[in-house]
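There are two complexes below, and they share subunit A, which is joined by subunit B in the first and by subunit C in the second.
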Partner chain A sequence: MSRFSRELTVAGALGLLLLILAVFAPNFYHLQPFISRLTSQMPALVAAVGIALVIISRQIDISIGAQLSMCAIIASVAAGSGLPLGAVILTSMGAGVLMGALNGVLVAWVGLPSIVVTLATMVAWQETLRLWQQGRMLALPEGIQWFGLSQAAGQTAVISVSLTIVIAAAWAMKNLALGRFIYAVGSDAEAARLAGIDPRRTTFGVFVLMGVLAGLAAVLNLVQSPQVQPNCGDGLELKAIAAAVVGGVAINGGRGTLWGVLLGLLLLANVNPALTHFHLPPYWEKAIQGLVILLAVLADGLGRRKRPR
Partner chain B sequence: MRALKGVSFELQPGEVHALLGENGAGKSTLIKVITGAHQADGGSLFVAGGEVVHLTPSKARELGIACIYQQPSLFPDLSVAENIGLRLQKTGAFSRVRWGRQRSRAIDLLQRIGAEISPDAEVRSLSMPEQQLVEIACALGSGARIVIMDEPTASLTQKEQHLLFKIIRDLRQGGVGVIYISHRLEEILALADRVTVLRDGESVGTNPVDELTESQLIKLMVGREVSSIYPPSEGEPGEVVLSLEGLGCSASGVGGVTMDVRAGEIVGVAGLIGAGRSELARILFGITPADTGGIVLNGERISITCPREAIARGIAYVPEDRRRHGVILEMPSAHNMTMASHPRLFPGNWLRFNAESLLAREFIRDLGIKASGPEAPGGSLSGGNQQKVSVARWLATRPKLLILDEPTQGVDVGAKSEIHRIIRRLAREGLAVLMISSDLGEVLGMSDRIAVMRGGRLVEWIGREQADAHSVMAAALGTNGKDAA
Partner chain C sequence: MVLLLVIVLEVILFNSLGRRFLSGGNISNVFRHSVEIGLLALAMTPVILTGGIDLSVGSMMGLSAVLFGMMVNSFGVDPWLAGLAAIGFGALGGGLNALLITRLNLPPLIVTLGTFSLFRGLAEALTKGAESYSAFPKSFLALGNSDVAGLPAQIWVFLMVAAGIWLLVHRTTFGRSFRAIGYSAEGACYAGIPVARNTSLAYIIAGAVAGLAAVILVARLGEARANAGIGYELLAVTAVVLGGVSIFGGSGTVSGTLLGWVSLAMLNNGLTRISDYRIMDQTVASVARELSGLLTGLLLLAALAIGAWTKNLATRRARGQSHPENPPRSSPP
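On to the complex of A and B.
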């Protein structure tokens, strides 16, 4: 496999889908609904950036949906108590840092498997929210929705913040030593340790970063509606992991780029609108997404077999 | 490379037949062929007079071939009786487990070999020799006619050894043929009827033990000339770079290692597998930090608790497992080469691609690495070139002491002599080199001095002039090499 073949394949598939829509369902490109659909995907994109880093370092975090819900509720309580917007954003990200750090400590220093740790914290946060909010929706005060801007400006802000995150993270993965440490630890933690890299610090850092991004994703989700549900993050983990895998992040670590993750998310996100525009029943969405994921994993498996061992 | 070449081997009922040879002489391969784990690509195999074609592990078991490995292969979470039952009963997935019969069978077998082990004990809770006894019980219970024992005494105490020898003699009495692999010559002389010596994948002869002495055995094992393809040693060594004072680590079974390594000197570390050579390197590099003794590096007394610290102190370690630890296969060669030198090359953690690519090109030229360029992934290179990338990674840290662990293992002949020239050149440029190797020719050809390890200790120093295959092998085996009597 050449270096960016997966990214190119996914880009090709996405391009094809968009082209077909352009020819057969030009309504798809009506500006306002197009922007709205794109905006609604941005929290998942930010979370997918985080999960991609986690997976590249050969870990997994399935608590991100619960983290996002928790951050969103904490942020809206903070907003309800009259904190200004900036402080609300920081509160949400701070909550994410703490939750990410807990996962990080348990995985990196205590040495527990990340799937078990994050399964436990996922359930913990979900149940905490259930006890605390009893399923109530929280109404948000004025000035939070769309950052207190007009809807168009707010949507632009959400999209540009998210794309900035993708670009910054992609740049850092390439240009900062940190990025290389993440790839090295994900390829082989012992090899990284022998080269003087501390795999524990790297792993911990990745989980904390995941928390920060979950907090940010919570804000980007929060500003899109006048109220928040305590289960607003449910299912996010699967969406984000699927985007990463389709985008070419190797599930056993060490390989993948954030550009691929961006493309993977856009491809999966456009399945549903495409169905709508072709007047197909929306029940097919999950099945088709599943098929796309399966094809991606299959491509990995076949590519791996060809590599010299 | 062929691991075995035209070896003839014969085992009679009621015979203990010892198999002897250096590391890599082909003993394990021969065993794997006999147990069906590997397929021979030439020659034939006869069991009890009948030719066996296409031997598989399960067929071997049916034929009564049982192997007891150094590391017992039991299920640690199951009880002794369950383990024996699983091994002996051929059951379908839905047939009932007869617990009572299984238990009484286990008790019977354990009694027959005189092992005081409860059939209900979880295997996890047993000591290594106890687990070996369970393996022997399995072999006995399966009615094995051929029992292979791979270094069975390596982890046994004196008393347990005596018990084992008694069991082996009982097996022999019962008409079982035993293939016995050991590095302990005195055991072979005491126990075996005949001995076959393997060297470089070939049999150098089968002889009755009565006709042999320890010295003759060693001669048979090593008996080859050291070729002159090795680059010559030159110049006088300089200052002492590293001294170890009674260094040890109880967790890795190494103790009391005292040595000096000078600038410009290559110290070869010889010994058998399990003698503690790699363990010593891992102590020096902070992977399993020392708990006794001291390390003096460049006149400064230091302690090393993690690889990062070792690197900062100027110690470099080219690990044995090249494909796992030496290079990261997914990564471009250039990234691999700078991997251990981030603090030096990239202050502030900003990668400098120009500097990186320059350094990579320099190493590619200097070490003669055959790669399409700095961007070529580690996995796309041949073994020898991967090893050179691994060496480059460690030279990039500008070390004072370079530890090489099996630097040419699995590398083709051409690359091997290139790597040897590189090592010699590095020494000439003032690096202190500690070279661990199981390749006796390499140790003799490259080393200015040879440190021989055995059982986690440094047992003998041999200078370049005195060193020959016989003296190194005798020290590694722990015999004086002279005829007893």
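On to the complex of A and C.
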């Protein structure tokens, strides 16, 4: 029963929020803006899936926002040079793999703490972008926005790709060896090693996977507008980590489901629109995000306290 | 030792490449502009010694700066009194971190990531995202812009804080306990050290010093804004780690942190002074200035990698075996 308690709580909170909005601000549910809002959250959802895997394996990656910006800019440069859409997507994911692999090597094989490694790579990518693009926006060629489809079809495509990722990852975490390895390494790396799992390879794999998903999220972000900003990923790391933690992923590793992450993201994503519907000024956004993270870890800590060790 | 060498090399290199690097004016400039980061690095040292980290110090600076500016400009509080209050607010913020970390056993990383967002967000909310405060009396601005006895005024404050932290870390039982906790929190607990209380102290000091750094920054810039101190936490962590403090906790010295800070400050200042050379149409100076952030990140990674590598070598030699174990975790039990 207590296994899915967090997921149920978050689902309840989300339901309550949606109900309040339905009663007091019914135009929240006008179809077109509702779909648009949902679509704009999908890159964060894909990134949150990645960060959930990282946190379950008891690491952290705060460079994902900078990774997403990097991938988006590299992909748009590739698109500008005339590559077809498929190649652009592969380029973006390839760039993500390289950046994830760098984090992975430093954390898994050199043995550095992931927080410092990803803090340093975050700054390195941000500064590279600043040096390279000087804050310029890049215009995208025809046929990239909404994958060259109509807007409605494009939005459907973005949402269905993202949900497919969530479902596939949730299935893989339960049924594939790598998924079980991630849980095992996250709950006790030494025990996992004695059980014949190589924690270093698992950790490395998780960071590479994070890079792939950051590259994919960059594409999903890219196709939503006619131009790209070099800082499009700023703040993504906090949003994704918050979604994962709120969704019940234990920050000490080894515990959490991707369904929780999905619910957590939807809850957080609807807090801000709800605030604007109730006329709270938008500059409270960051403070409330921080508060939600703290409340979620607090719930985690209190929950852990009650359970016998 | 290595760091001293790095500093000497930096001085020689920048002095031969740039103009007037070694002039008295520039040297005092180097220190005037990096006092805030130095303060944060000093404050971060006890925290990292206990095996924790505080990512919220930069945001705490922003919040303290805004509260300070508000008190002075909107409520007419005396700036020195408001400065003390800003330090108090910093200590309160540090206390919040300490409460969550030590009483509820939450990982410092996530707690301070949350307060990192919370403090900055509060600062932005209080200023409605755009307002800033800039009406400060001249006598207060002198703290940031004048010289006292031949040195920038804020250097004297910095030296006092440095002496205080040095005494705390190296000459008191608190300091010993920080290292004991960082080495093994459980062991420290069995040795009768009040782990929660002493760890709390480290975070509260970090918050208070961040508040002080905010006041000094406002005095230097003459303006209090919500974006004060963005990115400073990284620079502070870099200085501490460069100075040889183990990021896993348990070992390190205050003098190491100071050396790390000096080498970092000189790197940033020296890069902006190389101006006689040209690469690809741009003066090296403009490239170098933009490179300094990137170089800071790379420097941090290199320092960490070298640290981990020598540690690996040492344990391998001590054990006399060829297969090193996984290093200890950074998060406390």
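One rule holds for everything that comes next: the second predicted complex is superposed on the first by the 299 of 309 C-alpha atoms of A that agree within 3 Å, B and C clash if a C-alpha of one lies under 4 Å from a C-alpha of the other, contacts with A are read in each partner's own complex, and residues count from 1 in each chain.
Note that a contact is a pair of C-beta atoms (placed from the backbone, for glycine too) under 8 Å apart; a residue touches a chain by one contact, two chains touch by 3 or more.
Quantities reported herein were computed from a predicted structural model and do not represent experimental measurements.
Of the two partner chains, subunit B is the only one that A:191 touches; subunit C does not reach it. Legend: residue contacts after superposition of the two complexes on their common chain; A:110 is shown touching subunit C, with no touch to subunit B.
Legend: residue contacts after superposition of the two complexes on their common chain; A:254 is shown touching subunit B, with no touch to subunit C.
In the superposed model, A:180 makes contact with subunit B only, not with subunit C. Of the two partner chains, subunit C is the only one that A:119 touches; subunit B does not reach it.
In the superposition on chain A, contact is made by A:283 with subunit C only, not with subunit B. Which of subunit B and subunit C touches more residues of subunit A: that partner is C.
Shared-chain residue A:60: touches subunit C; no touch with subunit B. According to the touch criterion, the shared surface of subunit A, contacted by subunit B in one complex and subunit C in the other, consists of residues 190, 193. Taken together, the subunit B residues at the contact with subunit A in this complex read 285, 287, 306-308, 310-312, 317, 319, 324-326, 328-331, 335, 339-340, 342, 346, 349-351, 379-380, 393.
Against subunit C, in their complex, subunit A makes its touches with residues 58, 60, 62, 106, 110-113, 115-117, 119-124, 126-128, 130-131, 189-190, 193, 199-200, 238, 241, 245, 251-252, 281, 283-291, 293-294, 297-298, 300-302, 304-305.
Taken together, the subunit C residues at the contact with subunit A in this complex read 53, 100, 104-107, 109-111, 113-122, 124-125, 128-129, 231, 234, 237, 241, 247-248, 287, 290-291, 293-294, 296-298, 300-301, 304-305, 308-309, 312, 326-327, 329-331.
Interface residues of subunit A, counted against subunit B in their complex, comprise 174-178, 180, 183-184, 187-188, 190-198, 254-255, 307-308.
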